[in-house]
Structure formats: C-alpha cells, structure tokens
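See the structures that follow.
Next come two complexes, and both contain chain A; in the first it sits with chain B, in the second with chain C.
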Partner chain A sequence: MLSLMVRRAGFSLFSLLVVSLILFVLTRSIPESPARIVLGDDVTDAQIAAFDAQYGLDRPIIVQYLAWLERLALHGDLGQSFTTRLHMNVEVAATLPVTLELVTIAFIVAFLVSLTLGTLSAVFRDGPIDYAARLLAVLGVSIPGFWLALVLVLAFAVERDWFPPGGFVPLSEGLEAHLMSIALPVFCLSVFYMAVLTRMTRSALLDVLGQDYMRTARASGLSRLRVLRYALRNALVPVVTIAGVSFGHMFGLALIIERVFNIGGMSRALLTAIQQRDYALVQAVVMVFTIIFVVANLVADLVNAWLNPKLATS
Partner chain B sequence: MIRACGGIAGFLGALIILSLLIMAVLAPWIAPFDPLRVSIPDQLLEPDARFLFGTDQSGRDVLSRVIWASRSSLSVAGFAVMIGLCLGVSLGLAAGFHRGTWFEQATMRLLDAVAAIPVLIWAIALVGIFGIREARIGPFMIGNEVKLMLLLGLLYVPTLARVTYTTALSESQANYVAARRLQGVGSVRIMLSDVLPNCLSPVIVQATLMLALGIIIEASVSFVGLGVQPPTASWGNMLADARNFLLSGEWWLSVFPGAAISLTVIGFNLLGDGLRDRLDPRHNITAVTA
Partner chain C sequence: MELSRRTALGAGLGAFSGAWAREAGAQAGTTLTVALPTTPTSCDPINPPDHDWMIACQMVFENLVEYDIDGVLRPQLAKALPTISADKLTYAFELREGVRFHNGKILDSEDVKYSFEYMLNPANRAARGPTFSRLSHVEVDSPTRLRVILKEPFSPWMTFLTKFMGIWPKGSREELGEDHFRRRPTGVGTGPGLFEEWRPNDFISFRKNPNYWTPGKPAWDRLVVRQVPEDAARVAYLLSGQADIISVPPPRDFPRLRTRRGIQGGSRPTLGGWSFIAMNNARPPFDDLNFRLAMAHAIDRRTINERIYHGMVETAAVPAPASSWWFNPEANAKLDYNLDKARDYLARSKYPNGASFELACASVPYLLDSRDAAIFLQSELAKLNIEVKLRMAEQSVLSPALSRGELDALIGNFMSPGEATYMIMVYLTAGQFMSRSSNYANPRLEALMRAAFAENEDEKMKPILAEMQMLLADESPFLWLGFFSAANLWRDRVRNFKVSQGQTVTVRDVSLG
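And now, the complex of A and B:
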C-alpha cells in the first residue's frame, strides 16, 4: 500500500513537471514580447531590454523555468503579474474559494445522485427506471451545461422569479440567499457529470453482478442487499477513477457557467487576464487548475487502492 | 444498415449526423437568408412565418445563422479529431508494437504525464495566450478556428494513443503476427496491414465520442469569445450574443443555437454508443469527459 502511494505520488509529480514545462514554454512562445504588451506599441528597444532585465526575461528559457519552478515548489509562489504588478497568489486566493465551493457541491451532488440512479438502473435492468435513467443519461452528456444554464435562467429567473438570474451572494449575507444564488449554477455544473457517472455505475455494476463469484455469493444464501453491497464495492473502482477525472474537469465547465451567472470566481480572473494579455496570470490560473486535476486523480487512485487492496499489490 | 450502427438508437444517431452534414454542405442553398445580412428594421423579431427562428440584434435571420454555423462547429470538431487520430494512432500503434523497448516506455510515460491536462481549461487559456488575431505560421495565415482545431487535436492525442496502445499491445502478441514474421514480412508492413485494422474498433468508438466532445468544447470556447470570431456564425458565439438579451426575454436567441448543439451532440453520442455495442462489446462503457 505504502509503495503504491509513493509510486503514484511520484508519477503525479513527474506529470506536473512535464505539463508545467509545456505550459511555460507555450506561454513564453507568444509572438509579441510582454514589454510591448505592458508598455505599449511605441516602446523603444532600450525600454524593452530594461523591462526584460527587470523580470529576468533575458535569461535562457530553461533558466527562467527553473527559477519559476523553484519559487512555486518551495514557496508556493505563483509569481507576479506584469501588467497589474499584483501578486498572483492574492488574485487566486480571492477567486478560487468561490469556484471551489461551486465545484465541490456540484461534485457531491453528482456523485450521490449518480450512485443511487446507476445502482437502481442496474438492479432493475430493462425496467422503467432503467430506461428513464438511460434516457436522462444520454441527454445529460449531450446538453451543454452552459446552454442549460441559459435556458433555466430564462425559465426560472426571467419568466418566473423563483431564482435570481445571476450574481453570487456570499454566505455571510444569509444562508438562504446564498443557497438560492448557487442553486442553478450548481445544478447546471453537475448534470453532465451526473450523467457520465450514472452510465459508469450502471455498466460497472452490471459487469460485477454477472461474475461467477456473485452467483456463488447468492447461492450461499446471502441476502440480496448484502450481495449488492459486495458488488458495489467492486463496481466502485472504475466509477471512482472517472469521478476523480470529473472533479478536475468540472473546473473547466465552472469557468463557463460562472460567466453565464456573472459569478466572480476564477473565470473572471482568467478571462480578464486573457483580455489584458497578462499571460503570467493565465499561466498561474492554469497551473492551479492542473495541480487540482492531478491531485484529484491521485486521490481517486488511493481510494481505489483502499476499496480493492488487490490493486495495491499487483 | 441498422445493425451496422448497433441498433435503433445508433441508427438514429447516424441519421441525425448525416442530415447535419448535408445541411452544412448545402448551407448556401438551404438557408433562407444570407447569414451576414444586417437589416436594422428587422431587429429582434420574434419567430414568425418569414423568420422561422426570429432575428437577432442586427436583424440577421437566426435560422440561416444556425444553418451556416453547423459548418464551423462540425469542421472544428472533425479536423481536431482527425489530427488527434493521425498522431495518436501512430504513436499508440508504434509503442504497442515495440513492446519492451525504451521507445515504448518513453512514449507511454510521456503521454500518460500529458494526460494530466484538463482539456477545456487548456483550450481556453492557450487560445487566449496566443490571441484571437490571425497568426502567421511560416507562409500560412491562420484564423482562430484553425488555431482551436490544432490545439484541440493535440489535446486529443494522449487519449487516442492510449486506446490504440492497449489493443496494439495484445494484438502484437497474437499468433498471426508471429506467422507473418516467419513469412518474412517486415515490421512496418505487419504493423500497418495486420495489427492496425484489428486495433481500430475501440479507436472508432472513442473518436465518435470525441466528436461529440469537440462540438461542446468549440461551443464553450466560442461562448467566452475565444473561438470562432464574429461575424462568422458559430453556435457558441451566437449563444454569447444571446446572453446579452437573456433578461429582456428574447428567448429565441438562446434556445435555437443551443438546441442545435444538443441535437448534434446527441447524434454523435448515440452513434458512438451504438458502434461500441457493435464493434467493441467487451468494453461496455467509454467515459469521455471534459
């Protein structure tokens, strides 16, 4: 178990190194120099040289990367914006909690609903529940979350005023207002992943229920519920893997959904940075999301090793 | 025909996709109006007999724009998957065939490492970094659509390579490969004419589902203003415009382009599921997320 954890964590680190190098090289290979973006088009060559020297942009790219990596790895320092001179950690700390809250709640909702629905669907295979669940799942993976958001705003915030049409009310301004403001965004965010995970749960469970050892378990007189419990533990492995990937991917959809509802999370930080061509900030935001993605996958691996110890030894 | 698509649902998916392709190709003849025709007196008209889907803030016909937009959406998704297939299948096949070599180890470790990239976030950020203006690569001027295609194609490579690799690995151990070797056939020839056709089933299923994903990603990136640039219509940038008219109640601006996206994605998903039942029944689910 310990050796598995060390190996997985080691690979995650390697993966972050490779990906961060790619990101760094890509952000440094944009056609115009950052000095021109910040200081304007009529900047002199001397000013560009001075700017590059100030930010260390005149060094070889690999030296720049190692310096950036050292600050990030040793001090958790994401760097400084060229345009606003603001420290990126401040920007991320201000916007990440909102996005993280939306994604975490949506993830929990998606996971619990899909586990229930997928199990019912597999147990009552080819019954009305199964057909309904499968139909909903196909619709769920096909309807883009941000369009669903637009339609739900039209239906429930414009035509009727059941929900606010947008904006984010912090928890400090009352629980009810807070929950009302995040209800639609959380729902739209979770639908796609709910559908993916329901399909996964159903198919994994059907797979396990068809195994010989399940027949043996039933034949030896275990109650149906108990058999189902054993089956679920085995069926969960692929579901947890996809859940880990989904958690990381949800931040991408959250960016778009936040924009529909005018919520000032990471999407505002990223899109403003893109508009101002502040690529150091873009790089910081993408790096934060990538770290979250890698950690979520690592956690899923470890949960699986706990669910099925056989995976840890092989 | 129905069996080839893996059942009624798969056949329905194929029909939807086929009709959309025909619509995209015939757009200039089918669309009732020029999608770029601005007409101030016709601003924001509700759907009626003349404008079936209504008109937008510049008086352009929404139906015609939805029809024309299928071109950009389908081509971005289609070319991205093609780029992903070319690179991913070659890498996966070569790595799986040369089992136990440093080439296999290096390629697969690197591809697994790169699989730690959340696709949608990277697509948005990278298009953002490179800017939405036309860029020059060598002698070619490339627009934003092409940039998005290339980027998405590259981001698809790790998954497609992994899928090909897994089957290529087991196929390369098969007796028929050894038999071909004994006949004196060269490795490249065995790889391309014997192993490759046997690896294609899961790849085709994956590629179909990635087309569905590509439509959603193109729409998402265009929705935040970084994909297909106006005045060229794409379902995503039409929804971006529609967002400004959400609260004033011009519902037709958001409903129709989004319905077109959903229908297309449903088509690809049904077809993908059907093809999987038919071609690759051992794997009963393929999860594609972004």
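And now, the complex of A and C:
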C-alpha cells in the first residue's frame, strides 16, 4: 500500500509539474504585454520595458517559470494580479471556499444518492424501482445544467419565494440563509453526476453479482445482505474511479452554475479574470483547479487500493 | 447564441407564469439594490470602471459641477455655474459652504486645487488625463473661491468631470495611497454614499451619508450594487424582489418585461452612445473616399436598429443623436440608404469590382450585442461584391487593437460622457488615444473643433457642430448607425428614478415606497 501511495503521489506530482509548465508557457505566450493592461493603451515602449524589468518579465521564460514554481512550491505564493494588484492568495482564499463547499456538498449528495439508487436498481432489477431509477438517470444525464438551473430559479425563486434567485450567503450570516442560498446550486451541480454514478453503480453491481464467486457465496448459504456487501465492495472500484474524475469535472460545471446563480466563487473569479485579461489570475485559478483534480484522482486511487488490495500489489 | 437562448428562456418562461409581481422580500426596508452586468475594477474616479460601475465613483466622489441625467450642466460642489472670462480661459467658481468630506473635514478651495493637480500630473496616470490636458492649473482666491485656468479655450471640460474626476481632501492621496481610492474609498469623498464594503465578484455597498449637503438626501439607508452578469439571473433578481433596479435588460425581452405588473421600465437614447462602424482610413479599402461613401449608402440603418437592436438604437447617420439639440438633419439626409448610389460610388472608387475587409466584433457583448448586426451587414454588403470577414474577439482584446490601429474595421457600441465633441475629438482628431483607430486627419475638422471649444453657449456652438456633421457626412471616415439607448427596469417601490442619458444609473434622488 505504501509503495502504491508513493508511486501515485510521484505520478501526481509529475502531472502537476507538466501542467504547471504548459500553463505558464501558454499564459506567457499571449501577445499582450501585462504592462499595456496595467498602464493603459497609450503606454510607451520605455514604460513597457521598465514594467517588464520591475516584474522580471524581461528574463528568459524558463527562469521566470522556475522562480514562479519556487514561490508556489516553497511558499504557496500564487503571485500578484496585474489588473487588481491584489495578492492572488487573498483572491483564492476568498473564492475557493465558496466553490469548494458547493462542489463538495454536491459531490457527497451525488455519491450517496447514486450509491443508494444504483444498488436498489441492481438488486430489484427490472422492477419498478429499477425502471424509475433508470428513468431518473436518463433525465439527469440529458438535462443541461444551465437549463435546469434557470427553470429552478423560475419555479422556486421567481414564482414562489422558497429560495433566493441567486447569491451566496456565508455561514456567518446564519445557517438557514446559508443553506437556502446553496440548495438550488448544489442540486443542479449534483444531478448530472448523480445520474452518471447511478448508472455506473447499477451496471458494476450487476456485473459483480453475476460472477461465479457470487453464485458460490450465495450457494454457501451467506445471507443476501452479506453477499450484497461483498459485491458492493468489488463493484465500487470503477464507481470510485469515475467519482474521482467527476469531482474534478464538477469544478467545470460550477463555471456555469455559479454564473446562473450569481455566486462569487472561484469559477466566477476565473471568468472575470478572462474578461479582464488578468492572465496571472487565470493561471493561478487554473493551477488550483488542477491541484484539486489531481488530488481527487489520487484519493480515488488510494480508496480503490483499500477496496481492492490486489490493486496495491499489481 | 447560447446566452440569448438562456435569456429568452428565463424571461420567456416567466412570461407565462403570471407571477411576476411580488413585493420585495429579502431587500425590504430602505436598502436599495441595483444589479449591473459588468465587473467593477476601481472606485477611483480618475481611473473609472465602465459606465455602469461609475455609480460606485459617483456615490463617493463629487465635482464642482455635474452633467446630470438629462445632459444638463448643474452646479454640484460649486454654488453656481462658473463665471467665464472673456478670453474663455478662466473659470471662476464659488464653493458651497459647509460641505464636509466623509471624514468630517470641511471642503475648501485647497482641496479642489490639490485634486486637479493630482489628476493633471502625468505621473499619476489618470486614464482620461489627456482629456483635461488643456487645463493649466487652479488658483485659490479664498477658502471658497477659486479659478480654473485653461491653456486654451476648451468649453466641454466641465461636462467630463462627472465621469472622470472627483474632489478629495488635500494630502489624502499621499496619506492613504492609491489602493485606498481604488478599493476602499472611506473618508475621501463628499458624495451621498459612505463606502461600506467591496465583496469581490459579488457587490459593493454604501451607507447613507447622514451629513450630505442636500438635506433629506439620499432617501435610502443603504445602497447595494450587485454584480449579476447573466441576463436571465439579473431579470430573476428583479422579479423576485432581490434587486430594485437592473441595468442593461435583455433588449429582446425588454418591451414585455416593462409592462409586467409590479415592474416599470424606461429607455432613453444616450447623448454619447455611439453605435458605429470604425474604419481605418489608412487601410484599403477604406483609404478611398468613394468606397467609404458607397458603404455609407449601403447600410440599412433603420432595419438594423428596428429589427436587430429591437429599437434600442436611435437611428442617425451622423455623430449626433437625432433627439439632441446639435443634430443636423440635412447632414443626416445626405447618407440615406440607397443601393443605387452605393453602386455608383463604388464604381467611382479604386475598388469598382468590390473589395474585402475584416470586420471585428465583440464576442461577449458590451453595452449592446452587435453580432447579429455584423452578420446582417456581411450579407448586405455581399450584394455589392464586398466581402466582409468577421472576426470575433473579446472587447478587452479589441479595444487595445483598435486604439493601436491594428483593425480594418470594427462594429460596436462605445459610450462617452455625452456631449457633442468628445467622441469626434478622441477618434477623428490627431494626438488622442484612439486617433489610430481611424487614422483620419482633416485640418478643417480640427479648426471646427477649436471653434467649438471656444464657445460656451449652445446656440453659438450649434452651427459649428452642424458644419462638423456636414463635413463628416461628406468624408464618412466612420459609419454611424445611431445612438444606443440606456435602459433600466425597476420595481414599483422605487420612486423618483429616471433613466440617465449618461448611461450610469443615478440613484441619489431615489426613494423607496
């Protein structure tokens, strides 16, 4: 297990290094000097040169990259925004918890609901529960998130005053208001992944339940519940893998959901940074998303190794 | 197109719901909430954000005079409009007495002098500093009397103050630093709102200034200006009572929304909102006068404005709003839609067999969506064998490229302070930050501009501006489609609100029922 952890962590680190290099080079390749963004369109060449010297932009790109990497790795320093002049750690600290909370709750909801529905669907195969769960899964996969979000806002915020139409109320301003403000966004975020994971759980469980060793277990007189518990542990391996990827993907969907629900999270910050040509902030946000994505996959791999110890030794 | 579909869905489905009108819930009381689509970048009036977010600057900072929502110049921190010397170089002001900054300090002439000196100092990089470059200095006669001295006559300078300037306490810039003015301008203005909080990507809020120099104003206790970029979400905020006023309503849905129970709406042509096609006169095919005139006659402005902009643009072929006092109908009539004339001019041009050019257009709309208009133009000009290659990019990419003269042409909507000369000066005369967008130079236009700057009365300025429009119709360095409208929707409980012809939502006089 330790060997697997070391190998996976090493691979994750390597992935992060490659992504960070690509990200840095892409960001620096944009043919627009940050000086022009900060100092205005009427800036002179001399002013651009002075600006570049001040911020080290006149150095070779590999030197810039290594300096940036050193600050990030050793000090967790994401740098300073050229546009707002704010330290990006401050920006990320203000917006990441919002997005992380939405995505984490949506992920937990999606995972728990899909596990329950998928299991029921497999156990009661071709029964009413199975049909209902499959129908819900098809709907969940088919309905675009932004459409669902708009309809929910219309139905439950505009027509009925059950939820606010948007905005994020911090927990410090009251639990009820906080939960009300995240209820619809969390639901919209989770629906698609709920559907995907339900289908995956059902099909993986059916596959495992059809294996010879499951038949043997049942023939040996094990209770139905116990057999299901063993089957579920085996069936969860692909589900956990997909769940790990889904957690990262949810940050992508959050781009749309935060916009529709007008939530000032990290996805909104990314869109704003793109519109304002704040390339340094774009780089910081994408890097943070990448780290989350890689860590989520690492955790999924480790959970899988725990579920199926053979994976740890293979 | 996805955005408009979503907008249509959000507003369209709601149209059938029949439940639009519900009294405000979460924002009840005397908190006024305004929802805007764009992102604020600064509260500092010398480096203002877009025209929507100038509301943040104007809540805190005020000027000697203001260019009000009807385009009328009125005294603000000055007791009255200034006395102007015969040579039009000295403007003498007397300040209101007892006006206090938010930090309690009494406003005096030294603060005004200090503020102007700061803005005029190139080292402080005021974005519109060059606009005020004809101002020389300020002389203080007494704590309440001062004179602004100009290097040369420049009558429109006072109309630019509201958008690009403010008065702050002497010494405050050095004491508090640039970031204080940009991000948390507490204690440094005289305006109706006291800065309270800026929550990035969410809102900026203000509290009522209890010591405001106009008794009884503002009539609200708190103002929250929210950033709501999505059209449908902004409409939902209004309909659910989470916002009292919204800016830039979706044009397609605006007529329907404004007639809903509980909702009011209004639109007015802006005085400086150019809806236009910028053409680089140094690049082919726009280097040929006859080609430009062919273009001018080939554009069906009325169809574009009525069918594509849904009536949100007031048609004008010259750089003057049809409803303004300086509009010249004779010049406007010169550029009628007439394909025969267009073909005739094209035949006389260097490009009798047609031509090809790249037309840039903002991929994410700013102020008004021009993408459909660009596509319509592409098909219309094809009738003259003129090939239009569309180039879509972010406005933030296009604007610098335009200012550097890197574009053939651009269709778009740009906003100015709302008087007659600013946009012409910036785009079509030399030495301005947008001069290279047109690369147009005409000594007669420069002379007319100087003549206009030397006049302070509308009646005397009118014939000069009329001749200017006639000249620009003859030369057609740019093509004007019209002047876009400012539009707002607001809830019934909002009283005394009026759409501003300057685009920026103005809420100082608003009260809540």
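The definition used in the following text is that the second predicted complex is superposed on the first by the 314 of 314 C-alpha atoms of A that agree within 3 Å, B and C clash if a C-alpha of one lies under 4 Å from a C-alpha of the other, contacts with A are read in each partner's own complex, and residues count from 1 in each chain.
Please note the rule applied: contacts are C-beta pairs under 8 Å (C-beta built on N, C-alpha and C of every residue); 3 or more make two chains touch, one makes a residue touch a chain.
Values in this document were obtained by computation on a predicted structure and should not be read as measured data.
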item: Partners on chain A (chain B, chain C) - clash or fit; value: clash
item: Touched partner set for A:Thr83, first chain B, second chain C, both or neither; value: second
item: Which of chain B and chain C A:Leu66 touches, first, second, both or neither; value: neither
item: Which superposed partner A:Val245 touches (first chain B, second chain C, both, neither); value: first
item: Chain B versus chain C as contact partner of A:Leu139, first or second or both or neither; value: first
item: Contacts of A:Met5 with chain B and chain C, given as first, second, both or neither; value: neither
item: Touching partner for A:Leu253 - first (chain B), second (chain C), both, neither; value: first
item: Which partner reaches more residues of chain A (counting touched residues only), chain B or chain C; value: B
item: Touched partner set for A:Trp147, first chain B, second chain C, both or neither; value: both
item: First, second, both or neither for A:Arg277, with chain B first and chain C second; value: both
item: Which superposed partner A:Val18 touches (first chain B, second chain C, both, neither); value: first
item: Clash with chain C (superposed arrangement) - responsible stretch of chain B out of 20-28, 56-64 or 182-190; value: 56-64
item: Doubly contacted chain A residues - partners chain C and chain B; value: 146-147, 150-151, 153-154, 158-159, 165, 259-260, 271, 274, 277
item: Of all residues in chain A, those that touch chain B in their complex; value: 11-12, 14-19, 22, 26-27, 30-31, 138-139, 141-144, 146-147, 150-151, 153-154, 158-159, 165, 192-193, 196, 199-200, 203-204, 206-207, 242, 245-246, 248-249, 251-253, 255-256, 259-260, 267, 270-271, 273-274, 277, 279, 282-283, 285-286, 289-290, 293-294, 297
item: Chain C residues touching chain A - in the complex, by the definition given at the top; value: 6, 9-10, 13-14, 17, 19-20, 22, 25-26, 39, 41, 125, 127, 130, 179, 182, 199-202, 226-230, 232-233, 236-237, 239-240, 242, 364, 394, 396-397, 399-400, 403-404, 433
item: Of all residues in chain A, those that touch chain C in their complex; value: 32, 36, 39-42, 83-85, 91, 94-95, 146-147, 150-151, 153-154, 157-161, 164-168, 259-262, 264-265, 268-269, 271-272, 274-277
item: Touching residues on chain B, where the partner in the complex is chain A; value: 109-110, 112-122, 124-126, 128-131, 135, 212, 216, 219-220, 223-224, 226, 239, 242-243, 246-247, 249, 251, 254-255, 258, 261-262, 265-266, 269-270, 273, 284-285, 287, 289-290
